[in-house]
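By letter and in written order, the chains are A, B and C; residue numbering begins at 1 in each of them.
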Amino acid sequence: MSSVDAERPARDAPEASGSPGGSAPAPGGLAGLDLRDLLKPAIIAVLLLFVLVGLPQLFTLYYIDASTQVAVYAIVALGLGLLVGRVGMVSLGQAAVLSLGAWVAARLLFGTGLPFEVVLLASGVITMVLGTLVGLPALRLSGLYLALITLMLAGAITVVLATTNFPNGGHGFLGYNGNSVHIPPIRRPGIATTDPAFFRYSVIVAVIMFLLVLVHLRGKPGRAWVSIRQSESAALAAGINTTMYKLWAFALASFITGVAGGLLAGADKYLYSINFQTQDSITLLAVVLMGGVFSMWGAIIAAILMQFFPALLQNLGVSPDWLTILFGVGVLQVLATAPAGIVEQFPKDMARLYRLITRGRRRADPSVEASS
Amino acid sequence: MPSWEDFQPFIVTGLALGGVYALSGVGMVVLYRATGVLYLAFGAVGAFGALISWQLINSSHLNQWLAYLICVLFAGVVTLLYGMVFGPVLARRDPLVKATATLGLTLILLGAMDLLWPSSGGQSRAITLPTDNSGFMVGQVQVTWTDVIGLAVGVVMTAVTGAFLRFTKLGTTMRAMANDREITATLGVPVRRVEAAAWFGCGILSGIAGILLGDLVALDPTTLTFLVISSLAAALIARLRSITLTFLAAIVIGLVDSCITPIQSLTNYRDMTPFVLAAIGLLWVNRHRTISVTRQGV
Amino acid sequence: MIEVSDLTVKFGGVTSLDDMSVTFESGTCGLIGPNGAGKTTFFNVLSGFVRPASGSIKAFGDDLLRMAHFRRARWGLRRTFQTEQAIEELSIYDNVAMIHEHSRLGRATRRQDVLGAIELVGIQSDPETKVRTLGAGERRLVEVARALVGRPKAVLLDEPAAGLPDEETAHLGEVIRHIPEHTGAMVILVDHDMSLVSSCCTVTSVLDFGKLIASGPTGEVLRDQRVVQAYLGGEAATAAEARAGGRGAGGGGSAIGEASTATEDGA
């Protein structure tokens, strides 16, 4: 599966270029440096503008809803990508974390009059706390066992959810009223009650989450994560508290997933536990692997695969189960062809394209390497 | 709190299920020891086979034993094919990567099953073994021959596998390979053939488990696929090592899971049992690890 | 000064370190021994990756074993690995700055300290270069530079010259020799290259099968019969001795030098 991360590799992929004190100017390449630095943000700005303004005009409500789901799941995919790509931890339970966030948000939205933004923050924080609590004992497990325990915990949450259900305006801690005939919808923020408006709202929240992660990646945690990924012993020998940084990744991923859960509550308006299955966590991992764990664009692609394509297919009368099969094949392909690990899997043609684009820059400064 | 009499039928079911979980768990442990692959698609493959049998019996009116045989062979062949194609490709990778790859197979099978056998509301499929209808009484409780088979396959498989691994040439080879595939290969051992045997054997077991669970539990793709978690839990508690421990853990899981059913306050949460037990097992077994200095992650 | 007392490490049935007691005073100390002798295990105990079954280590007055592994770097324990572990995706600068970043050393001096360490080891490439693009020799230098930043107390070098061509080994030797005077840290050097060991280390200790079999001034230790035997075994040792004797005394011509070269050549 290709990911549109042509220029991403060197910029925000595994490295963090924020060395304190500023970077040494590339000799003779000053002009090239400025242009390239401006080009990427410009492209992103244009794309964002199009998505916010253009899409709602172009799409029918059906597809706008699907797009809102894409925004939500892009955040979740970002979190999972962070865990898998940066820290090397595979979580098979992110869908359960999402459902936790959605549950908290629904409860707060029904039970309190708090503004939507505060609720988002609260679901993010509460999910983060729970995620970290879980992460703490789980972190001493490595690789396979860690993945399995996330599967187990997610499964347990799924079962509990099937019994407690999502809040629907009832009273008590669980806020679930099993007898009510008329179930109120979950409320949305005042400024974004219509579907197109809520879509824009979700995109903006997503952008904020992406920026939050970006800030981490460019700074000290990002560098620490890169080190831990390559060699935990080297990281420890350099004084990095690997447990703390792993927990930090867990916490960050849980936080943004919790916020995404809040968005989901507002998007769906009615939450049913049947929509949060163990299989979804596996599908999520599949699309994140296919989209590319190492780039933020990959998260968006993953979300499109998981949420937009099924809607598209359904509209065309094709069963979305074909996609499930595709995702399975995708997982196998990604894992089988990744040379030294998923983290180094960049689509080869994209990398070549990138090298072509930067060939000019490289001629000016031979020490800058176009990554592949 | 239910009485002893109330528990009895659940104990019977629990033992039967535990036996099948043991069968599956042992299969997964042996395969893991021989290839380093934790075969998470075990349940899905068995489910697919069971559904094929159902289709053959109900639509083509094929003789049921033939249909079950086809299921078992199908599961064996699919597993073998997967192992022969993706085994060598991923041979050097981390166990995590190998296990994740089997999740890919799981998704393919799940998607295919949902396509071929959609759960159109109301129509429920079932596998009814002839042994469901005959049995005997143990005190107050009705025990069907299917229940007996369930427990029996678990016991037999554990014993046979244990003996196989210890006493036969193929078995000791598998144990050697569990230690180091490369070195075993240099000793002139036909590694690929041994692996093929392990894969095929595991597949056969998944087919058998698929039919039994399809009968004892439900013939539903998702349910059957994720029932693998119970066997997985048993295997993990046994640290993916001891066959005997896998058997014991599986029986306990089956019993606990089943016996929770009549307890009103807990019954809704009974599906949590394998998850919770597995999580506890994983954490308990790894409690001494200080640093997980893993190789490069995924 | 690092005082090791009765250190024992067991892995399952194998005793990797057997009741090891030795004191590393100051300056550059060598630690040699045949493959599997336990040298890297010893470093791993110092780093905190392996828990000893018994024994204690007192480093500069502090109980090292009580410290959490990641705190030891902050404390002043630095280390390089057998297969060099410079982080590929980071730049030279970011690699070397790692310890500085994760300890309480002030931000103000960071740039200066890092560039100073880079210069000390003699890295030619621009500090912003990604380590991934560097050759083996320079990567090793990055690893060493990383170990020297801040205020190191003890620098553990695990076969730093392994796989490097002669001139890079020579350069590395130069760097190692100057570590104590430039940083005030002591060095423990593990290597199979006996000329490197004799030229850098004033004292040397020898491990064989987890046991300490000799310790003292490098020249004497390298000529010690027991040490030669450990590398080669009985008669071969005598033969090596004879060869070395014929060539004359001195660092490179020691019996142990012969023995070590012989084992390296796959004897």
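Methods note: a contact is a pair of C-beta atoms (placed from the backbone, for glycine too) under 8 Å apart; a residue touches a chain by one contact, two chains touch by 3 or more.
From a predicted model like this one, the values you see are computed outputs, not experimental measurements.
No other pair of chains shares as many C-beta contacts as A-B. Placing every chain at the mean of its C-alpha atoms, the farthest one from chain C is found to be B. Per-chain Cα centroids separate chain A from chain B by 33 Å. Inter-chain spacing, taken between the CA centroids of chain B and chain C, is 50 Å.
Averaging C-alpha coordinates per chain places the centre of chain A 43 Å away from that of chain C.
Among the residues of chain A, those in touch with two or more other chains are 230-231, 233, 236, 242.
Annotation for chain B: residues 290-291, 293 touch two or more other chains. Looking at chain C, residues 48-49, 69 sit in touch with two or more other chains.
Contact residues on chain A toward chain C in their complex (touch as defined above): 13-17, 19-21, 23-24, 220, 223-224, 226-227, 230-231, 233-234, 236-242, 367, 369, 371. Against chain B, in their complex, chain A makes its touches with residues 84, 87-90, 92, 137-145, 147-149, 151-153, 155-156, 159-160, 162-163, 229-233, 236, 242, 277-279, 282-283, 285-286, 289, 293, 319, 321-332, 335-336, 340-343. If you check the complex, the residues on chain C that touch chain A are 47-49, 68-74, 78-79, 81, 85, 87-91, 93-94, 97-99, 101-103, 107, 110-111, 125-130, 132-133, 146. Within the complex formed with chain A, the chain B residues making contact are 38, 86, 89-90, 93-97, 99-101, 103-112, 114-115, 118, 222, 226, 229, 232-233, 236, 268-269, 271-272, 274-276, 278-279, 282-283, 286-287, 289-294, 296-298.
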